[in-house]
Structure formats: C-alpha cells, structure tokens
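Each of the next two complexes has chain A plus one more chain, namely chain B in the first and chain C in the second.
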Partner chain A sequence: MSVETLNPPAPAATPAQGPARGAAVELRNVSHWYGNVVAVNDVSFSLGPGITGLLGPNGAGKSTLLHMLAGFLAPSAGEVLVDGRPAWKNPQMYRSLGLVPEREAVYPYLTGYEFALMNARLHGLPDPEGAAERAIDVVDLRAAMHRRIGGYSKGMRQRAKIAGALVHEPRILLLDEPFNGMDPGQRMHMMELLRGLAEQGKTILISSHILEELHHLANNVLVVVAGRLAASGHFREIRRLMTDRPHTFTLRSSDDRRLAAALMAHGSVQGVELGAAGITVRTAERGGFAAYLPRAAREAGITLLEVRPTDESLESVFSYLVKR
Partner chain B sequence: MPLISVQDLTHRYPGGVTALDGLSLELEPGIIGFVGANGAGKSTFIKILLGLLTPTRGTVRVLERDAIAESLAVRQLVGSMPEHDCLPPQLTATDLVSHMGRLAGLPRAAARERTAEMLRHVGLYEERYRAIGGYSTGMKQRVKLAQSLVHDPRLLLLDEPTNGLDPAGREEMLELVRRTGQEFGIAVMVCSHLLGEIERVSDFLVAIDGGRLKSAAPLGSFTGEQALLAVEVDEGSGALVARLAAAGLDAVEDGDLVVVPLLDERPYDLVRDAAADLGLALVRMERRRHTLQELFRAPAGAHTTEGAHGTRA
Partner chain C sequence: MRHSVELTLGRLAVRQFLGSRRSLWALVLAAIPVLLALLLQAEAGGDPREALDDIAGLYQVLIVAVLLPIVALVVGTSVFGAEVDDGTITYVLGKPVPRWRIVLTRIVAAGLVTAAVLVPSTLATAVIGVRGVDAPGLALGFTAAVAVGSFLYCALFVALSLSTRRALVAGLVYVVVWEGLLSNTFGGSRALSIRQYTLSIADALVEAKMNTLSRLDVDTALVMAAVVAILATVHAIRRLRVFEIGEAA
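On to the complex of A and B.
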C-alpha cells in the first residue's frame, strides 16, 4: 500500500526544519528486542517543533520507543538521536529533553514548588528558585504551589509532573498518556497548556489512546503497529494515501433520489446508497467528487443540506492501519 | 417505577469534607452517562447506592428499595464494575465469576451456568480457564463486567469501563456496554471522564458538580444543533469567505473550517454555489452541534482553584 512509501524518514510529514540544525529527535532504522521478542522493528522518523501523537494498540512498542528516546534503553540496532547526538549514555541530552512518565513519579510529601525546585537543582541550574517558579507559572499551579502534592487532584499532580519536566526549559517534551485519570475540565486545560508550549516552538511527543482528543491536539501522528511504523504524517494525508479504500460521504439534500442519480454519473463514484437518513456515496476520488458535488447539485436545482466525510477521523484512519 | 430516586442526599466525611450536598434526582431506566469533575462526589454517590456508605442525610431508593435500610436487597438488584484493579490474580475467570454468583445467592449449578453464559457474552472463551493474573487489561475489564452481571441485576454500575484500553479495546467495550443495556434490557449507569464515550453509549446524562446536581436530561438536549453551518473545502477557505461576504454572509475561518451563521435557509445554496463557481472541493457542510465539553468549560481563570474541592463547604 502506498502508505509504506512514507516509511523511511518521511521529510514531508514533519514540520519544516532549519537547514543549519537537524531534527530535534531522529530515529534511524531503530530496532529493540527483549530476548526473542521484537518490540520495535526497523523504525525511522524525525520530529520537529509542534505536537506529534504517538499511537498504537497496547503492546505495539510505544513505551519502548519513548524509553529509547528518553535514554532509558539502548537500541538493539540503529540510531536514536536527540539534537543530533545519541540518546543512550548521553546525560548531557537531558539538558534539552523533558519526560513526563505515565506513572505517578512524584513525591507526595513535597509541595509542587519543592518538586520543581528539586528538578531545577538536579539540573544544576544557576537560579533554581526562579526556574521553579517559572515552571509553576507555566503549568498554572501558583495558587497551590505550597501545598503538598499528596493532596493534589490528579490533574494538578499531572501538572506538577510537567512542571518538573519543564523546569530547565527543554526544547523537547515527551509525554506518556498525560490525560490519564483527568476529568474533562482538567483535560481541556492540559490541552491548552500543551498547545501553548507547541506555539513556543517546542517539540512535543504525546502517546495516547484517546484518539478523539489527539485529533484536536496533534495533526501529525506516528502510528506504531506490532513494532513497526505503520504510517507517519498528517492523519488526513495518511488517509488520502490509502488509495485502495474508497472514501465515503453521507449527504442530505432537498431531493435525495434525484441527487443520487446525478452523482452516479460521476466517473469516480463506486456506489450510492439511498437510505431514510440520506445518501451514502463511495468514491475512488475524494477531491474530484467533492468538487463535482456542488456543481451537480446546482445544475439539478437541489439544495445540499449536509455533506459529511465519514471516514476521515483519526479514529477511522487508525483502525484502517491497525486492521490491515 | 423510577430506577433511582434520590432525595436531599448529603454526605460529609469525618474531617469535614462535604462530598455530596443536598443531591436530589429521579432517574428512569436506560443507559445513563454519569459525569463530573474529579472530587464532584461521583464515587461517594456510587458507594451509597451500593449500600457501602451510610449518608449523613437524605434517602436513596433503587427500584423502590431503600439503599440504606434494605442494602442487601438492593445489592441483589445492582451489579457493579469498579474502576480499580480488583481481581485476584491466582483465580481463573470461571472460578471467580461463579464464586461471585454463589455469593449473590445462586445455587451451585445455576451459578455455573450463568458464569458460562456471562463469560461468553463478554467474549471470553478458552481463556476463562486460565489464571486472571496473566490476562491483558482488556480481558480483565471483561471479567469485571461478567462478574457484575452474573446474578442477573436490574441496574449495572460501570466505573470508567474503558480505563487502560487501547482504541480497539475501547470500541469493543463500548459496544458490549450498549449490547448489555439493550439485549438484557437492564439499566446501565456509566461513569466516565471521556465525554466522547458518554456521547456514544448513553441516552440520558447526569452531571454533578460540587456534590450537587448540575444537570440531568436526555443526551440530545446537550448536543443540539447550533445556528451555524460548518463548511470545509480542500483549498481556498479564504476565497470562500470572501465570496460569501460578497453575498452578505458573515463567514469566518476557524481552523480548517469556514463557519457560516445560519439565520435562514439561504446559506445552504450560497455555499453550494460559491463552491461550484470557485471550483472548490466541498468536503464537509453540516450544522455545528453543541458538545458535552461545554458543560465543563470553566470561566476564564477559574481553573487555578480547581482541585480545591477538599475545602469546599
């Protein structure tokens, strides 16, 4: 399938990079195996500023990838580069990388401020107090900064973790399931926070199972299936490259039957189904059909009431990739 | 007969935290989505419903039975799927579920039969004879659901049923929840933070906030249509906006979309004609809907006090 052609580095899929500086994060033919179990298999990609979603079923190798990026695991083969240098056995890399792990990696007896301060001191920052306060402000925890983390809500704890990971103002931020346990308000707030950081030019990689949220947050995705990179890039571009699957639209109009007949005349249309709720059209050529639709409707004097592409969501793209 | 009837329910934990504050509510059978911020009182409400906690004040009736005075009778009517990992790893699914059936008062043979049926219903087959400790998260969630159904309850309480599941697993669990509600004709109450899931499975929504009722209404009343038409064209949003402006429509770009106010029927044809004239690919045109998200959209600046529920009076 044509998506495979995206597989090696895929320059078009990642945001533009300045020529002087390489991608913030780059993987070149990376594999990792645990004994005979191949967790990551020949994966290559590069990431630039902005938010990228890391998706895949449980056991696909997402955590192994994140752990290699964070320098916790050595690749069994290939190269994992952060700022152009290997991530493994390179503590200097942590100056430009922050990790927000999935687990509750906070000390309940510290206050949010103390936790950020501890991280600032570990990084040997010149003004740890100032850095800790700035990080607390970034995650909007000032009102609670002197309360113990043990008494925080899940959303606040998650934000304290992010403050700890941001205290040295890294260019790269890795987040593993950051929305876990958060309520709807906390989720929305966290998304705003991450969007703001992306606008400042940070490179952010988020793993998540909640596709409808990533849909709003990250246009670029990496989809890992069974250890391999199944696709990378803007999820709509990925969808468009799946030329072996017809695109489907559902339509409602002032005269469904006549519209259905008119649409059948277009060469790209493979099927039209007339139902009580409207028309379902399958077409081989998304753009061509969508340009034909308004012309055909006008010619026939039919008012279009609704046009919806039914398989363009991140969810449907993901399920195509996982099932094929 | 109302499914759940709650009058002035108040619960104050020792130490002064008020988790529920005069909650009153009447629910009819169906699939009910139950939402609220962390600390809004959802868990406390469920514990009282199950007779695990005696409220400070107020009454709860489940199918006309008093949850406090007749808690054993209520537990016969209610099945519960807790959020946390509560399964003994050394037992097999068959052993655990039939044990739960026996605990609920089923005779041995009936418990065995119901167990086989329920495990099949949730989609566990050969694995049921293996120890739960080796199960995936998705299989564990299925066992939790099966044990909640074994005694043929009239009401099912599901707390974050898709927790830890990947997208395919979530999809299957939601389908299972829907089927359970419809095929067995039992009422289901689903607690979740994922509003998209609530929107997909439930037909009625209850939202609580600060221990009080925020809203309780059919789901459709939260997701009604707005007087806005969201339009998407492949290239040339700017040209479309300009064209619509020339026709007197105050359209604005919003991300990939062009949003057109829909005061009368005119915009439908104006958008169609603009796309046809400009040769644009009209990929989407639909009425914008209200979303459940709006229930939780805090006024600006309010989130800094979020999580302070512990001190809420």
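On to the complex of A and C.
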C-alpha cells in the first residue's frame, strides 16, 4: 500500500501543517504477525496535528497498530517512527507520547491524584505534584481526585487514565477505544476534552469500532480491516462510502405484491424478491431508497409493517469496503 | 527527590503485593517455624546439644529449603507478573525510564518484601530455639543468611518471570528438582544452588559448632552467589528491553 499522508484540510480547530513536515507519527510498510497469524499487513500512513480516527471491527489489528506506535510491540516488518525515530526499544520517545490503553485495569488502590502523580514521577517531571494537579483539572476530576480509582465509574476511570497519559503534556496522544462503556454524557464530555487538546496542536489517534463515535471529532479516518488499511479520508467521505453502498432490506407490508411492483419502478432498486416472509429489496444506495420507500407506500395506499436492513453488521460494511 | 522514580516503582510493587492475597499466605508460612520452635523447645527439655540440632534442622529443612524459596517465588514472580496479567504494566513501561532502573528497583523491592516476611520469623525461631544455650552469633548468622538468600532468589525469580509465562512452575521445578533432588544426588549441582549459598553463608557466620549445614565452602558460595545475582539481573534487563505487550496482554 502506498504511503498516504493524512492531514486535515485545515479546519478552524487544527493548525495547518505541510504534509511531509513534522509528521509526528509515521508508519512505513508496517506488518506484524503473531506466530503465523498476520495481525497487521503492510500498513503505511503518517499523522500530523489534529484528531485521527482508527476505525475497524474488533480483531482488525487496531490494538496491534496502537501497541506498535506505543513501542510495546516490535514491527515484524517495516518501520514505526515517532518524531522521526523508531518507537521500538526507545523509551525516551515516551517524553512526547502518551497512551491510554483499552484495558480498564488501573491500580485500584491509588486515588486519581496518586495515579497522576505516579505517572508524573515516573516521567521524572520537575514538579510532579503541580503536573498531576494540572492533569486532574484538564480531565475535570478535581472533585473525585482523592477517592480511590477502584470506586470510580467507568467514565471517571477513563478520565483518570487520560490524566495519567497527559501529565507530561505529550505532543502525541494515543487512545485505544476510549468511549467503550461510556454513557452519552460522559462521551460528550470526553469529546469536548479531546477537541480541546487537538486545538492545542496535539496529534491524537483514537481507535474505535463505531464510525459514529468519531463524528464531530475526527477529521481523518483510517479504516483498518483484517490488518490492512482499507480506506482513509475525511469522516464524511468514509461515511458516504459506508452508507452509499448496495443495501438489502426486508420489508413486510399490508400488500407485499403491489409494494414490490411500486418499488421496482424506482431507479435505486436493483432487485425485488417476493417471499413468504415478505419482500427482499436490493438497492444501489441507501439514501435515495430510504426517502422513496415511505412515499411509494403512501401513494399506493399500502401500510408498511416492518422495514429491516439485513446486512447492517459492521463486518459486512467493512468487508464491502475491502472488496471495493 | 532524586530517586523518586525508584521510590515510585518500588512502592507500587510493594503495594501491589500487600494488596493481594499472596501476602496473607506469606505471613501464614512465616509463622510456621516460630510455632515449631516453640514446640521443640518444650520437648528438648533443656539439653543444649539437642536444642542446637533441633534449631539447625528447622533452619536447614524448613526455613531455607522451603519457606525462603517459596516466599521469594511468590513475591519475585508477582512484581512484574501481576501487572502483566492485568495490563497495568503499560503504565510502568510507557515511561522514559531506562529499563535497568526498572528491573533493579523491582528486584530490590521483591528482596525487601521477602526479607521483611522471613527475617522476623527466622530471628524469632532462632532466639526461641537457642534459649538457654550458648550459641554465639547463631540467631544473627541465620537471619543475615536468609536476608542474602531473599535477594538472590528474587533476582532469579524476577528474571524467570520476564522469561516465561509459566514462571511459577519453572521456579518450583528449580527449587524442588534442582535444589532438592539433584543436589542431594550430584554434588556438582550444589555450586549452582541458592539454597547451598544461603546455608554456607549461615555456616560461616555462626560460631557455634553445629552439624554441618552446607557442603559448599563459603568463598565459592559468595563468588557463585554474586555471579548468579549478576547474570539473573542482566538477563532480566535484557528481557524487559524487548518485552512485548500484545493484544492479549
């Protein structure tokens, strides 16, 4: 796969950055395999300031990619560079990089403040207490900072983890599935926090298996499927790719046969099959069909009893992207 | 302030251990020789020769051969093992700290915890055992040797825990098969046995005449102990430098 440089088209929040200059993170033809299982297959990209989403179904290799970026795994082939230097066997790079791992375990007997302080001390910061307090404030955890992490809610624990990763004010922040298990309120709060960090010019990479989580957050989205970079581009583009693809719907109505005939008339419909359980409709693109269906039913005086997309699983969306 | 990295790493390891159920078991084990010493003391009925034999037996067969390696194994494999298991190791390794500092701190922390469990127990056992018997240096000699043994075993078991996922089993095999069975059969394996180093050091420190504890002379023991400690530490550092944390971890 060719090297693609993904830089945001300079929206207000993100400082403009030339493509080749100052890529904080770069992968060159990186592969990783566990025994004879290929987890990451010849992936290349580079990231500059702003938020990038790393999207893919579970087991696609997102965590393996993040672990290589975080210097916890050696690439089996290729190069993983952070600030132009290899991430593997290079502990000094942690001065400019922070990782929020997916695993939830945090030392439960520490308080949020103690956890941030521990991170600050291990970074050898000159004023660890001050740095820990600042990080606690950034994630808005001051009210609970002296309570043990063991008693935190999922959202609070996630914020404590972020405070630990931010305590040394790294330029690069990696977050592995940060929204897992968060309620909508916590999610909103987290998104605000991350957007604020991006405005400061940090390079942020967020992995997720849900496209909509990255909405209003990541300008760039990298789609990873089965260890390969399947697509990359602006959030809107990726969403269009995912929604404007052939879809199959199962419908039940008060008069299936007449509805089938009416649907056949529409340009977006590629095929209609009449069965005992209802109608199966194949469409070229979802948007047009979704707008047409209720109109057609109303005009024909037919009541729609059920409309069900049959292949909405993420895996089918991703496998469509890969086949393209 | 200058050593706050070491203090932080060490405190984390100690807290991790104290917070686990392993620490309770270690304390239960440590109480056994003290209770046995009390029983034997009551039975010996004041015969100094018998009291010395009893205490030497307790020391050789129970404290050094069983308790010391088991407690060190439990502690030594947990200073990295617990964090590897729950994934919190990323918080320690994701720092700009040279790996040798992390390893040294963790070995010292494990050694201190092991010694903290066993030193009071050994001291109490010896003091009770030799009550009313003239045995200069015995309590102190036994205790000092156990303290040295704590660090030696911990260096070995920390290295083991970074080398294999089955460190507990590998450590048990070393203790039971190599140190237990083989060094009784083949004298040569004694030169590579931490148990023998510990006993030999105890021998050298205790002035009282006792049934010989070790068949390894103390100079050889000290040199070999240093070699083993250095090799284990260097190996642990090299392993940690290339320690991979995959998706499963």
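Here is the rule we use: the second predicted complex is superposed on the first by the 214 of 324 C-alpha atoms of A that agree within 3 Å, B and C clash if a C-alpha of one lies under 4 Å from a C-alpha of the other, contacts with A are read in each partner's own complex, and residues count from 1 in each chain.
Throughout what follows, contacts are C-beta pairs under 8 Å (C-beta built on N, C-alpha and C of every residue); 3 or more make two chains touch, one makes a residue touch a chain.
For clarity, every value in this text was computed on a predicted model and none was experimentally measured.
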Using the touch definition from the top, say if A:A70 reaches chain B (first), chain C (second), both or neither.
-> second
Now for A:G164: first (chain B), second (chain C), both, or neither, which partner does it touch?
-> second
Considering only touches as defined above, state whether A:M156 meets chain B (first), chain C (second), both or neither.
-> first
Report for A:L54: first if it touches chain B alone, second if chain C alone, otherwise both or neither.
-> neither
Given the touch rule stated above, what does A:N119 touch, chain B (first), chain C (second), both, or neither?
-> second
Have a look and say if chain B or chain C is in touch with more residues of chain A.
-> B
Overlap the chain B and chain C contact sets on chain A and report the shared residues.
-> none
Chain A contacts chain B in the complex at 55-58, 140, 142-144, 151-156, 181-189, 209-212, 286-291, 293-295, 297-298, 303-309, 312, 315, 318-319, 322
In the complex, chain A residues that touch chain C = 34, 39, 63-64, 67, 70-74, 89, 91-95, 97-99, 101, 103, 105-107, 109, 118-119, 121-124, 128, 164
Interface with chain A, chain C side, in the complex: residues 4-5, 7-9, 12, 15-16, 19, 86-88, 90-99, 241-242, 244-247
List of chain B residues in touch with chain A within their complex | 35-40, 136-138, 165-171, 193-196, 234, 265, 268-269, 271-273, 275-276, 279-287, 292-293, 295-298, 303-310
